[in-house]
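In what comes next, subunit A is part of two complexes: it sits with subunit B in the first one and with subunit C in the second one.
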Partner chain A sequence: MNRYLKLVHMEIHRFRYILAALLGLVAVVQWGALVWSARRMDAALDEVEKFGRYTMYINELSDRKISYAEAIYNAQQLYILSVLAVIGTLCAYLLFVWYRDWLGRSTFIYRLLMLPSARSSIYLSKLTAIVVFIIASLAFQALSLAIGGVIFEVLIRGDRQGESYFVDIVNATLVLQYLMPLRLGDFALNYGLGIVAVLVVFTGILIERSYRWTGIAYAVGYVLICAAAIVIPINVMGMYRTSSYLYTAEIVGIELAIILFVAAVSIWLGFRLLRRKISV
Partner chain B sequence: MIEVIEARKRYWRRSILQGASFTVEKGTVTCLIGLNGAGKSTLLKAIMGLTPLTSGRILVDGEPIGPAMYERVSFIPDHLTLPPSMKLWEGLRFMAEFYANWNAEKAAELMTFFRLSASDRIGNLSKGTAAKFNLVTGLALDTEYVLMDEPFSGIDMFSREMIADVFASDLIEGRGVLLTTHEIGEMEHLIDKAVLLSDGVVVREFNCEAMRVAEGKSVVDVMREAYRA
Partner chain C sequence: MKRYWLSIVLALFGVCGIAGYYVFGASDELPAFKLTTISGDPKEAEPLQITAQYENRIKLKYLYLTTKGSRYQPDEGLLDRPRPSWMDYPFYRKLLKDHRGFMRKKTVDSSLYVDEKRLVYADVRSETDRADYTIILDILDRASEETLHKEGTMPLPELNNWTIVSDVQVRGEDLHVLVQKSVKLRTGNEVRYEYVDHVFDLTGKHKRDMKLDFGLETPNNSTYFIYRNGEVGSSEFAGFWSQEQQQSEADFDGTPYWTYRAYTYSYDTGRITQVGDARLEKPNTPGYMYENWLEAGVFYTARSDHAKHSLEVERHELGTKRKHALTIEYDTLGGKELQSIRITAGRIYLLLSIPESEEELLVALDVSNGKVLYKGKISAEDGTENVMDVNQDLRPVRIDYNY
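Now for the complex of A and B:
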């Protein structure tokens, strides 16, 4: 346990600069986009008040107030881009977290595999580090939205500020709806599926590292089979069809069992490969 | 004693090891000798559980490879095994944190002996300095066996002398050492036992001193016989 925690600490320590840079990018892009959007809307409101000219931001029907959620909505492309940059980097990190230890002049995997503790702790530490990065990114996104709210209040005159609730802010962009689902069940499903996907990719990487060239085909096959095992039953059982033979709760139960099975097989296979088949 | 029993290894259709068997005893320096591609490094990695064998067994003091073995056997490969972003002192701290048998005093002695600067970054070390640092991380572990893969490869003359001095010191005494090297001439006086590997099998295994006394042959002479035959 102690060595596992030390490995987790080391993995986080190794990624700290990249994570800090990513979160810095999120802050700069989102706050910059917010300032740009809020100013444009404020200028549009000036136009209406001074010259009676309506624009795409303020029309005859609007209440002549600007809300924080509207400001985000009008700059949502930049919000989406910044979030996708974080997701993309974390996805690339899934591969990097393993391959960097094999490649280059210094092959750290030798040392990791020669540690006097169960090799499963290598797998678990890398997985834990990824989960920590996801939670950190999510927490920072929430913080960024909160700070954005303060920036908005500073930028826009009090009498022009419209009400904005957290639900409106999250609903302002599609990416935030996925990132911060408002229902606990959706939140658990999105992030649970994400973690299972990480497990499947990790095991795919270990298959490739164990069998090398033929391993590439095995790994791709494994990832595709796992994806099919999760996706196909939803369509076959007709989760979104009213004429489905099974109740939605039953389909969800079966699907949950499949997801847990895929996760368990991935962990078991990953541990076994690390213990018996992995090659430096 | 490390026992390698009928070790076989295949990569695709190519056989690297074809039933190699030999032993490494405590208190002796055993040299695994072979031409390029003979399977020397593969054998060392297999002993350390870094590559699986197709068949065969490896026992350390009668027990198969397991996590606890890494407190009893250390491996010094021919390249660095700590992240390049670490500084040398961070590398030493890593070793101290993860190995119960890490001897910090010995590590400090070796750092001084090799004139290494703890504030240097591992990624910036030259090949020779990296080899010395590798020796520090391998020898400062109080293990019963030490495995070394080409400790002299690509290293300048003075650094080689320093590394060779280690073999004559009490850092090695009492341990079972298994090393691979192409510089047999330089190392011959330090080797107790030679294991000659050819085409994945052990073709000769002999005590160097006994060979000199009985047949008047050096290791190089026996190598000529084995590889030119």
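Now for the complex of A and C:
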């Protein structure tokens, strides 16, 4: 356990500057976009008050108030870009978290594989580190929204501030709706599926590392089979058709069993490859 | 331990941040509404559900309002399936619970017949450009839980475009499956719509067919089946209404008038009877509403007169052939414009806008004499003073009745 925690810490420590840079990027882009959007809307309101001229930001239907959610909505492209930058980097790091150990002159993987503890700790520590990066990024996104609310209140004078509901803020950008769904159940499902996808990719990487050139084909095949095993039954069982033979609870139960099976196979295979087959 | 502060802080920050997000999200919900009584018996509004739209420039959301409160339609997640709204009615939920096996794949309420003895579900399997279609019958004996499954192919003189089941009824020893078809004429690309009553016995053996001829004269006509108000048990009649475009009758700007007619078809006699008089109308007038209902052997027609701010309701008792007419003036009820109407369970339910207000008025009237039994309005649930501000974003669209 101690060795596993040390490995987790090591993985987090290795990514700390990249993570800090990503979160910094989110803060700068999102708060900057908010300031730009809120000021533009505020200026548009000034024009309405002075000259009665309506713009695309403040139209005749408006109650001459601007809300935090609207300010985000009008700058959503920049919010989406900043979030995509984080998602893209984390996806790339899924591969790099393994391959960096093989890179360089003094191959680090030698040292990891020679540790006097179960090799499964290496697999689990990398998985845990990725999960920590994801939840920390999500928490920072939530914090960014909260701080954005304060920035908005500072920027826009009180009588112009319209009410913003939490639901509206989340719905203001397409990316937040998927990234941080409003229902906790959806969050658990989305990220549970995401973790299974990470397990499949990790095992794919280990297959490639174990069999090298032919391993690439095996790894791609493995990932495709796992994806098909999860996606095809959803269509076959008619999850998104009204007239399917199975009831929702039954389809969800079967699908959950398949997902758990894929996760279990990926972990088992990953551990087995690390223990017996991996080559340096 | 000190060495690991970064990992510990990062993990704690992540967990606390996400927990905080959901705790705050649960406490900051969109405004809640409910139906509150102005006058009359509050029980009159208990079976009702108002479907409304809430829009505040970010997103349009549907919500469902009752006397108990409101419920927003949740954003679709991975586990949300398309689901017909009738499956939420308590009556059908009980049916799904009691006959779980039989109700599999049975998702169209007009294909389902329910009485104390049996459940019947009729489905159609059809392919475009084929000269036949198949009727699939599932019959459940509720006492013995025995099911009967039968399939029968029906030939078509033309090519099939699409076919749906409009109604299923058991009358004595006859099982009627009323089918609406769109057929492609062999002479060209034209399509024709028609209704056929396929009659089977209770063992699923095909007995006869009855093609419904409404005798409409013009080619520019459409005939629509009037779906039932969640009615359970056998009904002698099926209801229809038709609209025919009258090319000869047009406005100065060329806008055509339409003739509206209502009909009943008797499953017992096979006779089609026109209900009430034909009406020449200009349907694209703002606020125009023409709706029909058939329930428990009574046919209702409601037609709004936008200029007079009133509603005419005709009530035809099909058995006795008696006709009653009512005129409801909105201003006598305290309303201005008609937003929605529903006639069911011996009541006329109206949703009216209130003059110089953003609020909506719900009125329940006795269908037999027009007596006002209930008046209510949509209020913010927390009783906030700026109800009007909040209600500006709320637009009721439909009255539903929880059968």
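By definition in this document, the second predicted complex is superposed on the first by the 280 of 280 C-alpha atoms of A that agree within 3 Å, B and C clash if a C-alpha of one lies under 4 Å from a C-alpha of the other, contacts with A are read in each partner's own complex, and residues count from 1 in each chain.
Following the convention adopted for this analysis, a contact is a pair of C-beta atoms (placed from the backbone, for glycine too) under 8 Å apart; a residue touches a chain by one contact, two chains touch by 3 or more.
What you are looking at is a predicted structure, and each value in this text was computed from that prediction instead of being measured.
In the superposition on chain A, contact of A:268 is made with neither subunit B nor subunit C. Of the two partner chains, subunit B is the only one touched by A:118; subunit C is not. Taking subunit A as the reference chain, the count of touched residues is higher for C when subunit B and subunit C are set side by side. Looking at the shared chain after the overlay, A:187 reaches subunit C, while subunit B stays out of its contact range. Looking at the shared chain after the overlay, A:110 reaches subunit B, while subunit C stays out of its contact range. In the superposition on chain A, A:73 contacts subunit C only, with no contact to subunit B.
Legend: residue contacts after superposition of the two complexes on their common chain; A:243 is shown touching subunit C, with no touch to subunit B. In the superposition on chain A, A:279 makes contact with subunit B only, while subunit C stays out of contact range. Subunit C contributes residues 3-4, 6-7, 10-11, 13-18, 20-22, 24-25, 28-31, 56-59, 61, 72, 74-75, 77-79, 81-84, 100, 104-105, 107-108, 389, 392 to its touches with subunit A in the complex. Touching subunit C in their complex are the following residues of subunit A: 5, 8-9, 12-13, 16, 19, 62-63, 69-70, 73, 132, 134-136, 138-140, 142-143, 165-168, 170-172, 177, 180-187, 189-190, 193, 239-248, 252. In the complex of the two chains, the subunit B residues touching subunit A come out as 12, 45, 48-52, 67-71, 75, 77, 79-85, 94, 97-100, 122-123. If you check the complex, the residues on subunit A that touch subunit B are 3, 6, 10, 14, 104-108, 110-111, 113-119, 213, 276-280.
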